[in-house]
Structures are given as structure tokens and as C-alpha cells.
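For reference, chains read A, B, C, D and E in written order, and residue numbers begin at 1 within each chain.
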Amino acid sequence: EQVKVGFAAEPYPPFTSPDANGNWVGWEVDFQKALCAEAKLDCVITPVAWDGIIPALTSKKIDMIIGSMSITEERLKTIDFSDKYYNTPTVVIGPKDQKFDATPEGLKGKIIGVQVSTIHQAYATKYFGPTAAEIKEYQTQDEANQDLAAGRVDAVQADSVALDAFLKSEAGACCEVKGTVVDDPSILGLGVGVGLRKGETELKEKINAAIKAIRANGTYDTFSKKYFDFDIYGK
Amino acid sequence: MTEPGLAIQVTDLHKRFGPLEVLKGVSLEAKQGDVIAIIGGSGSGKSTFLRCINLLELPTAGRVTVHGETIEMKPDGQGGLMPANRKQVQRIRSRLAMVFQSFNLWQHMTVLQNVIEVPIHVLGVPRDQAIATAEALLKRVGLFEKRDAYPAFLSGGQQQRAAIARALAVQPLAMLFDEPTSALDPELVGEVLTVIGDLAREKRTMLLVTHEMKFAREVSNHVVFLHNGMIEEQGPPDQIFGAPKSERLKKFISSIH
Amino acid sequence: MTEPGLAIQVTDLHKRFGPLEVLKGVSLEAKQGDVIAIIGGSGSGKSTFLRCINLLELPTAGRVTVHGETIEMKPDGQGGLMPANRKQVQRIRSRLAMVFQSFNLWQHMTVLQNVIEVPIHVLGVPRDQAIATAEALLKRVGLFEKRDAYPAFLSGGQQQRAAIARALAVQPLAMLFDEPTSALDPELVGEVLTVIGDLAREKRTMLLVTHEMKFAREVSNHVVFLHNGMIEEQGPPDQIFGAPKSERLKKFISSIH
Amino acid sequence: MVAAATQSYLSLLALEPPGWGGVMLVGFIQSLKLAFGGYGLGLLIGIGGACGKLYGGPVLRDLMEVYTTLIRAIPELVLMLLLYYAGTDALSQLLALAGYGSVDINALTAGIFVIGVVQGAYATEVFRGAIKAVPIGQIEAARAYGMSSFQVLRRVTLPAMLPHALPGLANLWMVATKDTALLAVIGFSELTLVTRQAAGSTKAYMLFFLAAGAIYLAWTLVSSLVIRLIEKRARRGLTRTA
Amino acid sequence: MSEPTTLPAYTAPRPRSLFEPHRIVLMAIFAVLVFCVVWFMRWDWLPNYGTRLAYGVGETLIMLFSTAIVGFMLAVPIGLVQVTGPRPLSWLALTFCTIIRGTPLLLQLWMLYYGLGSLFAQYPEIRQSFLWPYLRQAWPYGFTALMISFAAYEGEVMRGAFAGVPRGELEAAEAFGMSRFKLFWRIWLPRAIHRALPTLNGETVLQLKATPLIATITVVDVYGVISRVRQDTFLTYEPLLLLALIYLCLTGLLIWGFRLLENRIPTRGA
């Protein structure tokens, strides 16, 4: 039985990004391979549009989401999640030549870019929305970063690891981390899990077991070391 | 076709279009080799009559028998008739060749393709044989050199002759001509009449709606005068044209001359 | 307009289309109130002559004077002429009303709008006044009830009359008619000729290309016979039609009857 | 110096891996598959739809009318989303009901389906107009010679209407080509999406967008050449002046 | 010939009314469908988004009309020069039309926004200029792309329309002494627009259907609002169905409006 693994068809380094060969590479791709090998699933990679990824899951175009999707209460109403497989803090970045911090006061009057239908969008709307000039929503994280570099937004809020990759790139040279946002687990969730259709408990258990197994047997750390010098699994 | 039997027999044919009764009981018998001219004023129902014979129009009532086979009809539930047996209609139609006033050649086919179309695709004649027959026919109507031309590039008379060749190719039991010359200029009229005259001399069964009285008189052996959806008078051409009886016919003939 | 001077004077007009010399030196004088009929075979250059007068065609050589004002021309560098003074051309054109064979009413305007268009937008007549004049004219040509209809909804004769009203509305020094009736059926021809006849009785200056010899004879006071781009013969209508001198004209007139 | 920079910039388009040319080519082939597949499906739907509208019963006719009106009034992007999620869902359920088991509809099939359904509505109208332009006498002649309804359609009506339909069909082909780009919004890896990915990964936005534009343009130019040839051929019997 | 037979005229079958039996059945089925959609699907989110939807519709309409009007004003010269020359200009116009019509609008949009937009950002002169507050927003790019696209397609339409105005009507205007300028404004242009109106109607509907693409560059039109609803509620079908309905209504209104415009100048046989 084939299992179609969906993730966003966009560059989201270092987790998933296309390379010039037309292959998808990144930490999450490695994770997915290890996971499927462990769970003995015949996985095929199926990139889909991020803003349609949950409908794609529910309408069975894909069978699971391994796309840096955080486990939130809001999402749990529609889909199910496995246990978390990584957890990283949320940060706000901005141009080096502007001084502000990642608080509602600091972001007052700024245009903040976020990726649509992410926890960051929900968080920014709730905490920064009232004071910020505008919360601009992008289809992909890459576009938000691009617009920050192009000066069309003043700040971008997203996952620290993803932004770190951007800041290290040539285009990201303009900008720096302005700070980590105050946590709100009800929005920012409990880490990133594998998205599943509701009711597919058998698959869920298989995956949970596999996550445990690769954590335990060191596979997880082996491929993580290629990308990070810290433990991405989080606390 | 051993002995000259009845090629076409029409009994008490009625046809109405909505409130308008166009044919009010027309009967007609055509024996093998008969050439019957159908004349009458405009709107008298001549075309409708011809079109009822091969069921391009469905008669409201009446019976059509072609070569001894009566076309089976059943009520269509709205006071008219409809064919009971599609296959039979197709078979009978394929033996009754109609030559239309406006030719109706298929514009997307060359002359030759027009002529072989029905033999191959309806009658199932092998292609080689159909082509051989078609070429012979085209020679006969003097269109052999034009066999690869498309109809749009032919003159009216040439198109008409192509249409006749197409009709002959099905080796019809009877040919139905609907005003074969009315759209042509006088020169072309002559051309077409020659061909029809030839066919008449071959003793082909023909039903011929025409306005060319002189021609009708020459080629036909029976003339039917339709008026107001009924046969007002019929008989041999000499009688009809020479000694008309009914008032209407007299008036009609005098107006023609 | 105190004394009947020259309305139009054309001197030695030449026109060639590429290798084809259509007009080979035509001269003509029309006094105030003259009605000049221009006749001639097809392709003899009648339309071209008329179109040269208001510079719809640019003459190759020659001089056109309207109401004493000579249209200034300069060489166009390719062996022809071109107007030296656009404004002058526009002014003169606005006084020479042309009535086209195919009417050329502006289809996006009603009849009334067609008629008031030039007075308002070219001649600068106040709108109210233009409308008043236009309505009077439309009444005169019997189109008052149709003033709000669009040209597409008018019969040919009605369109022609609308075109005449449009021409009259500019209070032209002279009217140029190019075969005003050739596209019309006989009934409509009569209608249009009546209107032109009326204008003729009013002593309007008119140049009239026509194929209606009977009509030309009735309304005109001078007839010009063009042949092969030259004036073959001219004179009063009775002379031209009654006692033609040149061989060509004789042949032309006999072929008409 | 500048030349070297330009060269390394342009080398991003190379077919071999550090360049993204190969990936774009694959995307382009996907686009072509979508365009051809969707267009073909659209033609089939169009012929069926036109026949339904012209010869079908009153119910069928009304249903076809609703189909063409709806499809032509709603933006393609919205239709694609609706059809992509709901339509393919329904389709796979239908197939399952018909006893084909649970059929997997892959992205390409779904994309072709979506473009085909949209194209079908427009093609229906094109074919309907073209069929109506065939002189009735041509069809009557076929019937008078005993052809069955299907034969009449197959041998006379369809070939005779083709010249009338061609300009409309040519137009539709151009639309089909360009509509494939909309599937980028759904995440289908066709030329436009691949271009954006390449652009995003390399930050050479202008370069890749211009390159993709050139590919599309070349494609439409080649298409219009071919279309002209086909039209010339199809119209050969139609008019004297052709 | 024979005396004219005076027979009652054949009456064509009545135009099919809305209330034929099968239509009533179809409408009933449709009503049941609508009822099911309303009853069984989730619409509780609708009130929360009312104002935003209205705002989105407004944005869509503003985009539609502004791009259509400006685009059309561009289309007129583009069409005209292709008919009248001069050669270089007409060649330029033709190239413009071919390029724009030959590439997908989505690509053009992204090229402008992500491509050109990020180029602008590299020049401090531009970033310092008074234009920057506009250039850093998304709508100018959406507007430009839509407007250019409309201009290209309509340029083609207007070319045909200009060429199709009967020569005689132009000659008549000339013969009455109209200046070139007046001839263009009073006769040629209105007549061409009049001829092109039915086509323009169709093209404007196409333009309406192209507007949702600007949502992909962060302009929040009605499509953008609905996308937002989809993100917030994780509903797939309901927001899209509503969106389809909204566009259906807009299209209907647009067609109706154009019909009014067209009927101001009736044409025969149309």
C-alpha cells in the first residue's frame, strides 16, 4: 500500500527545498525517509500547495503531511496529528538598520509578513495585529522572506530554524533576529507533528512508534547533525 | 426486377405542419421505368410530397410502399406517425436516391468522395469497386476531370451533375428529383436536362418535380398536377398539356406559356 | 450669392491610379443653380471625377475652384498633388455636400444625430438651431417620424433621403450626387428622384452622376458625357439626348433605351 | 568581470544540475501533458455537449446549458480549486461505485480533468455554433441516402463543421496552454510553479521568469504556425477564395 | 403562376417557457440541492466575515474597473496604430500584443511583483524616492499586470473594430469637412466601440475572472478573503461555493450592464 506524503511545494530550507536536479532535499525529507523505512511504509513524495494542504489531506490526495506543521488545537478540530517530531521557537526578524524588538510595542506601525495559514499568522494576527500597520499574508515563507529583503515588509515572523537559513543566505544579509516571541502554546502549539486524517489510528500508531524508534536508535540524530548543531527535537 | 412491378406506391398521404395541412390525401403509383412529372403552383406541396416518400418529412397519415415493401409506421403519440423500424427506413432510403434542388453536395468531400460515400459506408460496396463505378458514372455525366475538385469550385451545372452521379451510384430503385433546374441559369438548365433525358431513355424510375413544362412533356410518361395538397388532375403528358380538363390546370398551363 | 457666379470650376483635371490614367484632363463649370448630369459608361471615371472635386481622391494635376476660392495644392513629391492647406480643404469640403451611392450614414447615430452632426461639430451652429433646421429638413424629405431611428432600421429609400437631409443641413454651395439611385429598387428610385427633382426646382447647384437617363433629361440643364476619362460631348439635355453628335454618345444612348 | 558575472548568472539556466534548465524543461513537459490532455478531454466533452445541446432531450439540454453557463461565469482559478478538491473526490467515488475499486487519481490526471472540464464548456459552445453553421441540406442529403444517425454525425456533420469550428478551437488551445499555469496555485509542478521554485531558490527572479515567458511565447508562436497550416488544409473545400 | 394560396401562417413552436414540466422538476431538484448545501454544510462562519467579504468584493470591482478603463484607454491607440501606422509604431503594438497574449497572466504578475519589484529594491535611489511607499505595496503591480493584459487583448479587439468600420462612413465624414481629430472622435472611435461592444462584454467578463490572480501577490480581493476563510476554518467546499456564487452574480451583473449599454444603439439582426 502506497502512502502519499504531502508537503508544501515551495522552498522552505532547511526542511524541504527543491534542488536543481528536481529532487526535494532537506532535513524533513531525510526525516520522512527514515520514518517510512522504520514504519515499513511505501512512501511517495507529493508536493502540494501549502494553503490547500489540509483539504488535500481530507480529500485523500495525500495521506499524511510532513510539512513542518505545528500541532494546534485549531487544526486538531479538522485533522489528527502524530506525536511531535521537532519543536523550535518562533522568532521575528527585521532589517539591520531598524531597531525594534519582537513585542507588540516594538512592532507598532510595522508591516509584518507571515505565511498564510500558519501558527505564525494566527499569532501575529492576535498579538501584533492590533498595533501593527498590516499583517501581510504570503502563500509561501520564501515569498515573505523575499519581500523582507525587498523592503516591502518591515518584519517577518516565522520558525527560528527556517529564518536562520534565510539569514545565512545572501539575500538574508540585510536582516537579523529581533527576538523570540512570547510563547502561547494554544496558538504556537506543541511542536511539529505528522498530519493525518481523523480516524486513521492504525497509521497514527505506526508513525508514533516509528518516531520513537528512530529517536531511540540514533537515526534521528544522525541526519539531524547534517543540518543543525543543536537538538531540533526541542524540550 | 424481373418484371416491371410497382417501384413506388403512395396511398392516401396526409401531411400537416401545425395548423397547415399541406397534403390532403395524395395517392400515386410508379411502375418500374415510369417517369412521373409532378407539377403545380408554388406552395402546392410538391416538395413536401417528395420528401414524405423518403421520410425526410414524416407523413401525418398514409402509406408508402417501395418495391413491394411497406414502410412500417407507428403513431408518434402526437397525432402523427413515426417510423417503427429505423433499420428498414435506412435500407429503403438508401435505394431511393434524392437529387436536391440545391444539390446538397457534401462540401468537405471531393466530387469522387461524394459519389463513393454512400456505396462504401451505407451499402458496403468494396472501395475499389465503388471507385470504378463512380468513375464510370462521372465520365457519363461529363465530370471525370473534376473528380478531385471540391464542390465549392464547381459551377452550378457541374454540381448538379455531380449530385446526379451521387444518386446514380447507389443504383437506386427510383430517383426523386426536386426542381433540379430552378436554381440554374438557362445554359446550365440545358446541360442538366440532357442528363435527365438520358436517364429517362434508360427507363429509370423517376419522380420529377419540375417547373420546366416543356421538359416535363418531353421526358415523362405521366404527369401529376398537384393543387392545394391534392391531385387535381393526372394523366399522360399529351393529355395534361394538350387537353387539360380542370379549370385550375387550364389556368396553370396558360400562365406557364 | 448676389449674382449667380460660378459655384464650381474644374480646370484640366487629371487623375491616375498607378499606370491607369482615369481622368485625362476634364474641365467643367457649374454656375449657381446649375444642375449638371454626368453620364458615361461604367469605369469612365464619373465617380472619380466627383471624388476629386472634394478631394476624396487627390488629383494628379488640375485645378478645382469652389465659389471663387481655388483649392491650394502642392506637389507631393511623387508626381501628384496634395493639399497645401488642410484647413482650407476642410472648409471647402464642409460646403460641398456629397451624397454617396451607398448613403454612408453613420450607423451609430440616429437619423437626427446624423443630420445635426456636421452643423454642430464642423460649422459650429448652436445645437438648438441645428436641431430646428434638421427637423425642418427631415419633414421636407418625409422622414420626420423616423428622426430617432437608427439607419440600420430604415429602408434603402429612407436611408437615401436621410443622406440627402444630412447633405442639405450644411447648406451646401453645391451638392454632389454619386449614383443616388443605383442600389435601389424601382419604387424607391421614384421616391428619391422626387426629392432630387424638388431640389432642382429650387435651383440648387447639383452635380449628379446618374444612370437614369430619363431623369437626367428632366432635371438637369446641362449634361456631360464622360468617356475614357475625357468629356466626349456636353450640352443641354435635349441636344445630348435628342441629337447626339459623337459616335460614342450615339452608341451609349441607343444602348440605354 | 561583468561578463563573468553575467555568465555565471546565465549558467543558472544550464540543463545540467547546478543549472535549473533541466528542472524547467521537465516542468514544461508537464505543462504540455496538461495542455494536451486537458484540451483533448475538452474536445470530447465539447462534441458530446454540443450534440446534447442540439439533439438531446429537454432535460439534457437544460443541464448542458447550466454546465456551460456556470463554467463560463466563474473564474478558472476558483473552478480549478473546486474541481481539484471536490471534483476529483466525486470522480474517484464514482469510479469506486462503478466497481473499479478505490482508484488513485494522481495529480496529473486531476489536472487534466480540471482543465478538460473547463475547456469542455467553451468547446461545447464552439462546436454547437459550428454544427449549426453546416447547411441543413448537407445533413438531409445524408439522411436521404440512408445513413444512420451516428453515420450522419460521423461522416458528414462532424467533418463538415470542422472548418467553422477551427478558429474557436485554435483560440481554446491557446487558452488551455495558458490555463495550465493556474495549476501552479494548486501546487502542481508545471512550468510556472517550477519557475517560481527555481527563482525562489536562486533569488534570480527576473532571469527565470523571463526564461519561462520565452518558453511560453515560443510555444504559442509554434502553435499558431501549426494552427495556420491545419486551418489552410481544413478550409480547402470550403470556399473558392481560400 | 397559380393564384397565391392564402393559408394560415405556420406558427413556430412557442419559445420554451421557464415552467415546462421538466424544468419544474429540475428546479425542484436544484432547490433540494441548495437546501442540502445550506442545511448540511457549515455556514456559521459567514457572519464573522461579512464586512471583510464586502470589502473584498469592493476591491475586486475597483481592480476590475480601474484596469479595464485604463487598459481600454491604452487599447485604443494600440489598435489604432495597427490600422493606420506608422509602421514602427504598429510593429511595436503588434509585438506587445503578441508577447502579452502569448504568456500566462500569472507569470506576468509574478514577474512584475517578485521579479521587477525585487529589482527596484536593490536601488537605493528608488527606495529613497517618493514613489517607494507605492512601489512597496502590492496593488500597483497587480493593477499594472491586469491593465497591461487587458490593453493587449483589447488592442487586438479594437484593431479589428477600427478596421471594420465601413470606409464609406469615414469618407462621408471627410467629405463634410471634418478634421482628422474630429473624424476620429466623432465617427471612427464611437463607431468602432459600438461594433466591438459585444466582444468587449465578453472580454470584461474574462477580466473579472482574471482578478483573483492578484491574491497570489498579497492583494486582498474577494478571493483573498475567501482564502483567508479557508485558512481559518479549514473548510474546503463552503467558502469556495460561496466564492463561485459571488462571481456568478458579478458576471451576471456585468453582462446585464453591458446589455443595457448595447441596447442604447440597437443593431439589426443581433
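In this section, contacts are C-beta pairs under 8 Å (C-beta built on N, C-alpha and C of every residue); 3 or more make two chains touch, one makes a residue touch a chain.
The UniProt protein names, listed by chain, are B, C = Polar amino acid transport system ATP-binding protein; D, E = Polar amino acid transport system permease protein.
Remember, predicted model here, so these are calculated numbers, not experimental data.
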item: Required steps from chain C to chain E (each step between touching chains, minimum); value: 1
item: When chain B is superposed on chain C by its C-alpha atoms, the rotation angle in degrees, nearest 5; value: 180
item: Farthest chain (mean CA position) relative to chain E; value: B
item: Interchain centroid distance [CA atoms averaged], chain A/chain B, Å; value: 80
item: Whole-Å gap between the CA centroids of chain A and chain C; value: 82
item: Distance between the centres, which are taken as Cα means, of chain C and chain B, whole angstrom; value: 54
item: Whole-Å separation of chain centres (CA-atom averages), chain B against chain E; value: 54
item: Sequence positions of chain C contacting 2 or more other chains; value: none
item: Residues of chain D whose C-beta touches two or more other chains; value: 81, 85-86, 185, 203, 205
item: Contacts with two or more other chains, residues of chain E listed in rising order; value: 114, 118, 216, 236
item: Touching residues on chain D, where the partner in the complex is chain E; value: 58-59, 62-63, 70, 72-79, 81-82, 85-86, 174, 178-182, 184-185, 192, 195-196, 199, 203, 205-206, 209-210, 212-213, 216-217, 220-221
item: Of all residues in chain E, those that touch chain D in their complex; value: 16, 20, 22-23, 26, 98-99, 101-108, 110-111, 114-116, 118-119, 205, 208-213, 216, 223, 236-237, 240-241, 243-244, 247-248, 251-252
item: Chain A residues within the chain E interface of the complex; value: 51, 54-55, 58-59, 74-75, 77-79, 116-117, 121, 136-139, 143, 146, 149-152
item: Chain E contact footprint on chain C (complex, rising order); value: 54, 56, 86, 89-98, 100, 102-108, 117-118, 121-122, 150, 152-153, 170
item: In the complex, chain A residues that touch chain D; value: 2, 8-11, 17-22, 46-50, 52, 55-56, 59-61, 140, 142-143, 146, 169-171
